[in-house]
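Report on the structure given below.
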Amino acid sequence: MDQLLQHGLNALMLGGTYALLGIGLTLIFGIMKVVNFTHGELYAFGAYMMYALVMLLGVSFFVALPLAIALGVALGALLELVLLRRLRAADIDTTMLVMIGAWIALQNAEQLAWTGVAKSISTPFPAAPLVIGPVSVAWNRVFVLVIALILIFVAYLVINRTKLGRAMRATFQDRDTAALMGVRIGNIHTATFALGSGLAAAAGALLGPVFVAYPSMGDLAAAKAFAVVILGGLGSIPGATLGGFILALVEELGAGYVSSGYRDAMGFLLIIVILLFRPTGLFARKERVG
Amino acid sequence: MTPILQIRNLSVRFGGLAAITDMSMEVREGEVLSLIGPNGAGKTTAFNAITGYLALTAGERVFRGRNLKGMRTHEIAALGLVRTFQKTSLFGGRSALDNVLIGLHLRARQTPLAILLALPYVAREEKELRGEAEKILAFVSLEKRKDELASALAYGDQRLLEVAIALAAKPKLVMLDEPVSGMNPSETASFMAKLAEIRALGTTVLLVEHDMKMVMGVSDRVVCLSQGRIIADGTPAEIQRDPEVIRAYLGERYKHVAGAR
Amino acid sequence: MKAAATAAFVVVLASVPLWLDNAYFLHVLIVTGIFIIAAMSLNLLLGYAGQLSLGHVAFFGIGAYASALVSLGFKLTFPFEIEVQAKPVWLAMLMGMLAAGASGWFIGRIAFKVRGAYFVIVSISFVEVVRLVAVNWVELTQGPMALNNIPPLEVWGITFLRKPANYWLVLGVAIASYVLIRRLVCSRAGRAMVALAENEPLATSVGIDVTRYLVLAAVVSATMAGAAGALYAHYVRIVDPDVFLFIYTVTMVIMVITGGKGTLAGPVVGGLIFGLLPEGLRAAAIAPEAQWIVYGLLMVLVVYFLPRGIVPAFTKIRG
């Protein structure tokens, strides 16, 4: 029972960050219909920015975090403006290829800049874990969960309570009509990509200090983000949130009770199985974002 | 005349919306039957439901004695029921000849294994198919454009190519969805002549059309659909005088016009 | 005219081991050739049948592993007791192709149910699952410690151990693959695949069975990729789970799309460029990461300026 509780708790920490990754991707995938291969790189970018700010520049941890996220948003906007703008009318393979090219370039740039050695980022939290009855949880993980939940809530607010969010939802439902109603599709795309990338960077900035930062960390994160999107249905923030926690739980239980080596396979197996039975995702509600 | 297609109590609902309600009609072998009705009456929906592109909520379709229930779209086409699409639908990136060659799919026998082993009959069949495709293109007067990209053809020619593709599949009943929409009067007139030729070959034609002149000119019978229901079924002359039809098209105010004919 | 040029090209290619002194470069050509075979097979599924499959290296790897395992013999205790004695390599290679083809069938059936971008994700997930199985099912695959000492192909008394022999073997298989794909594509089956990729409702309206032709494309494509994998296994004679890395699928995709998807020469041209390019960059003594960055940027540039690929752009200029 205790083991189960511990697994559940661990799943909560991871789930929050998976949810962030998933929400970011579901917005990009849903609104822009782009299979975003750079999503993982933004995750790694967030982690590396924390490293640079905290370890190299001596910035305070709590200041570095929002800064790293902001940098992620900026990078996302930059990528959209430079790469994707011109591809508006292109078919899906062309866009995919450009995103793959960008992914290769980004990951290797990261490798070049920071070398392949994993980097650890120190946090201001006490090393001794918080013990609640039979379970223990590290302070920094609690912090991660709290911030993740806050950011999820913020994302939800942006999409559902702001003018920008409304424009994004309209674009998701029917791009042409939205354009006719005066929505500047180009700006919406840039905002969406920036927002989604920011969330990925946030996930990286949060998890980087918990684990370590290394150049290919983004690959697995991207894969999990896709799993979450499929679990939760395209464009659905509650779906992606729920999906993130479900995936984390499945991974934790799988690793604990089946085999830890296959931990990462859980997400993929889940994807395959779900898509076989529900080819558009588990909680997919058509034509809705938010 | 035997019915080649029988529709009984066909209904199609989308959630709360009834697109087609209790539609019953038949198409007799060898005739040209036109399906008319104001916009949104459900004509294309009926086409989609009959040929398996849309699921039925209720009803039966019997084609040449076979119940079409549960059959997939390509299986229905293989039985000899071929339809065209309301919006111009072609293999745009291929030449006109290739388009018709694709339409000839069912007429070829090559199996994948034979193709990979390059058995001699494959090459022979390819030659035959090419000749057949050229003949079909000539039938719609497009033989000079056979190597042109389908997407580069003039609009009227594209619509003719669509019909050519459908004919290539050797249908017993061909369902044409607004084949002359967007065509100018001279193109429409030459299409009407083509229709007569198609019919002379023994192919039954079910037509959805808005162009009344064409409908009255080519049809043996006309069925009028309004708001998902059949409101009239008869010869062109009968339909023209039918008060329900006039009301559907022109509204209540013109009902009295019927008596004037 | 074109036939003569092609024949001359093939003759030149065949003569290479006779005059090329550099063993390393010959090795590069062999590996490039193997990748070109895989790229041609991907082109059938991606370029002609229009399926956004990003899991192609799964077929390659399955072919490699299956062939290696059958040629080495293996023993399992879980999930059931099974022992397979080492078999001759040519038989092992056929088994490899069969295993790959079977997984192709599986993917083909999925492709029919799951469409578009979702299929991309399923295909990526499939490879990852296979890779993780290869890493973790140590009893069968030796996991990261790799399958070693894989025997080379031996037929009619010839052992394909040295590089020139392998070069000719790969060249032969590549030419055979090209011919097979050409036959398929210029036939009724090829037209059916292209039709369903371009306009599926129209294709079904003339009687084309979508599932059948998707599965056909997937099976032929996978079997060919499996053959490439088997060639690889018995040439380098070591196979480890890294063969399933996403980057190899990416390499194949790059070769196909920049060369020109849906054209016969596309994967060959793309394969030669992106197979030989890393070597050219390496020769210029740039750091490996920088090479990849150049790679990535080059991809983006080609896609921007030649959106349909190199071969179609070339044909347009000429025609």
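By letter and in written order, the chains are A, B and C; residue numbering begins at 1 in each of them.
Note that in this section contacts are C-beta pairs under 8 Å (C-beta built on N, C-alpha and C of every residue); 3 or more make two chains touch, one makes a residue touch a chain.
For clarity, every value in this text was computed on a predicted model and none was experimentally measured.
Central chain assignment: C. Criterion: smallest distance from chain C-alpha mean to the mean of all protein C-alpha atoms. Looking at B-C and A-C, the interface holding more C-beta pairs in contact is that of A-C. Our note on geometry: chain A versus chain B, Cα centroid distance of 49 Å, whole angstroms. In this assembly, the C-alpha centroid of chain B lies 43 Å from the C-alpha centroid of chain C. Distance between chain centres (mean CA atoms), chain A to chain C: 32 Å.
Of all the residues in chain A, the ones that touch chain C in their complex are 29, 33, 35, 83, 86, 90, 92-94, 96-98, 100-109, 111-112, 219, 223, 226-227, 230, 259, 261-262, 264-265, 267-269, 271-272, 275-276, 279-281.
The part of chain B that touches chain C in the complex is made up of residues 51, 53, 72-75, 77-78, 82-85, 89-94, 98, 101-103, 105-106, 108, 110, 112, 115-116, 118, 122, 125-126, 129, 165-166, 168-169.
Residues of chain C that touch chain B in their complex: 180, 183-184, 186-189, 191-192, 194-195, 198-199, 201-210, 216, 220.
Against chain A, the residues of chain C that register as touching in their complex are 46, 52, 110, 113-118, 120-122, 124-126, 128-129, 132-133, 135-136, 246, 250, 253-254, 257-258, 261, 287, 289-290, 292-293, 295-300, 303-304, 307.
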